[in-house]
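The following blocks contain the structures, represented as structure tokens.
After this come two complexes, each holding subunit A, first together with subunit B and then together with subunit C.
Let's turn to the complex of A and B:
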């Protein structure tokens, strides 16, 4: 089992959703993914914990979410608990440059490195721990 | 920067805040009659500001732009008002506490929930009082107060889904929409504040 990223777990669950990581940069990409009919094939990767444009994806049955910033007490965290959608927040790579998100002090390269490493990978979310959510590489 | 007709803004803003909504939800949250909402929606569809996804509506890029342009056009003059900025800072203090208590309420065992909800309701009640003051800048904010009061009544009558469920007009939904609205009034919409 290779853990390629980890972050704060929004809620403890035995669900272990798996799919290809799909980075969603803006509201249009969320709607395009819903339109494609393949929403449930993907673990969704977004930049912010306040990424409010993700709400339609949660409403339509998203199976798992990874964010690169934000806290479990955020709006998205509250929504993901309501929908019981496993969610790992402020994820960082276990390898790579070792960069960590610090509010107000993190430049774009931090986010670009995570997108580059995770987007398109087949992964499973392990949210069974109270505090730490893990992104596990499947192949 | 162009302003939308008032009712058109109310309807599109309700959709922008909710992100994806049925016509009924938009009518209720915008405080419009069914006839007015129908007319606004038809016009918005003609101008390709909205699109339909099953039972739901979503804004197109042009629709999102029209809503944000309206905020810029209508509220730019308020953005330097020191009293409004002070009011906003006080709200942010309440907001941090609200989110913390909401998260606790979602995860606590039943016996602790009642006490946490009492604290949450007190914050909402204080916010409803504060909204009366904010209505002097933005009169439509009184509609948020009415929505909060209605949801508090639902919870009091045993409908606990009105605390945080995204499927009804819950306290969390209303709070979130108000926050998003206020940030846009101040020219700081979340879509440009992603972190």
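Let's turn to the complex of A and C:
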């Protein structure tokens, strides 16, 4: 079992959703994914921790979410709890440069490195711990 | 009677006088107390902050004190310091959420905060002049016997914590005002907030954090009425799944219709039930008619109210907080699998009489959910086409208009404030700040560092004049 990223676990759950990580860069890519009918094939990777960006994906059955900022108290954290959609927030890579997100002080290279490392990977989310959510590589 | 006098589960230990509560996050608050020990979140944080007050304004206050029009300088500073901690307590972790990718929320938030500080005093004075101090208290009291009302924790808290606290803090951070400016206006805002909150709670406190994060404001008769419609279910059952999905789906649109902010939802409670379970009463406002973008919500009611029944024993509940922005958090964090009962009520319009509020059985919720999902997707596609400027302006409205709208409506003065005070206009200074706030990383750095960290809430100095005003009173 290789843990490739970790972050704050929004809520404890025995659910272990798996799928290909799909980075959603803008609202158009969210709409395109929903319209493709393949929403449930993917673990969604987003930069922010706000709710609206992923709103239709959550209502239409997203199976798992990874964010690069935010906390369980953020609106996306609250809503993923309500939907019982496992969610790892402010994920960082377990390898790589060791960069960590600090609000207002983190440049784009931090996010680009995470997208590069996770996008397209087949993973499962392990959200059984009270505090730490894990992104586990399946292949 | 449906409400129990006392609760017996572990979470109930949090209500014992000597208990300091649990920590929900690892950070600590400093604020204006730089030479003192940092303050944690939660019940212990409340105790420490109140122990540092110079006046009695943070303890239970009397009707007579609330009717008094003027705070002393110590009272203003105590409220400023406590609100700064309270804001940090409820928002410091949320503030790590970064960019939205959809709505420029950090930008519209700071602009709305400052616009409220500049503009609310004239509305608040106008309302108070017309209905009197007792009338303002009565606005708060009305929430005790209603569901689906936006006279609730978050809106009432915003009157002071946002319009005074964050608005003044933002203006200080931008060096647009000085600490001893606008003292008279600050008093007007905080008095209005105190009166509404005091009238709602009726226990002498104004904030949930002062009462170990409880907001048990509803009258027993109303709780009885709600519980009379609750359908019990087993964890994992289809009924529980339906209720859980309805709650989440409506809550999401409630956030979205209010531009990704918490004004769309309102929890009260926890109300301990005689069988040991807990009731949370949750309003989800999915169609605010005053906003033009709510056209996609046509056919949905103003509010769905959920009676959410939770089994604390099943959950091993150690602490539950209904915080001052109307959101419930628990330890353990995941309360949803432990819901064992629920009911859904509909209030069609904001002024629908309580006698016309009706319940929807769980097996009839699917068409409502379908409409909620459809509205959410239509809202998304509509919003995705908007420019940054339009989104910012809409966002300002979703705070500045929304936070005082329920109180103006209840006073019967919304139309009058629109007509006589140009309610929907933005102060010209704030429109100018629109072009300033993205410079020097003001939004991305200063806002989280000053506002959500509690660092920028400068006190009024000993030389401050309670009469100091920069207003051009009409």
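The rule is short, and it goes like this: the second predicted complex is superposed on the first by the 138 of 139 C-alpha atoms of A that agree within 3 Å, B and C clash if a C-alpha of one lies under 4 Å from a C-alpha of the other, contacts with A are read in each partner's own complex, and residues count from 1 in each chain.
Criterion: a residue touches a chain if its C-beta (ideal position, glycine included) is under 8 Å from a C-beta of that chain, and two chains touch if they have at least 3 such contacts.
Note that the structure is predicted; figures quoted are calculated from it, not measured.
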| item | value |
| --- | --- |
| Clash or fit, subunit B versus subunit C on superposed subunit A | clash |
| Contacts of A:11 with subunit B and subunit C, given as first, second, both or neither | both |
| Residue contacts on subunit A - larger count, subunit B or subunit C | C |
| Touched partner set for A:84, first subunit B, second subunit C, both or neither | second |
| Subunit B versus subunit C as contact partner of A:52, first or second or both or neither | both |
| First (subunit B), second (subunit C), both or neither touched by A:105 | second |
| First, second, both or neither for A:28, with subunit B first and subunit C second | both |
| Which superposed partner A:76 touches (first subunit B, second subunit C, both, neither) | second |
| Stretch in clash, subunit C with subunit B, out of 19-27, 37-45 or 145-153 | 145-153 |
| On subunit A, positions contacted by subunit B and by subunit C | 11, 27-28, 31, 34, 47-48, 50-53, 55-56, 58-59, 69-70, 72-75, 78-79, 81-83, 103-104 |
| Complex contact set, residues of subunit A against subunit C | 10-13, 25-28, 30-31, 34, 46-53, 55-56, 58-60, 68-76, 78-79, 81-84, 90, 101, 103-105, 130 |
| Partner subunit A, residues of subunit C touching it in the complex | 25, 90-91, 93-103, 105, 244-245, 247-249, 251-253, 255-256, 259-262, 327, 329, 332-334, 336-337, 372-373, 376-377, 379-381, 383-384, 441, 444-445, 448-449 |
| Footprint of subunit A on subunit B - complex, ascending | 18-20, 53, 56, 58-59, 61, 64, 99-100, 102-103, 106-107, 164-166, 172, 176, 180, 190-191, 193-195 |
| In the complex with subunit B, residue positions of subunit A that touch it | 11, 27-28, 31, 34-35, 47-48, 50-53, 55-56, 58-59, 69-70, 72-75, 77-79, 81-83, 103-104, 106 |
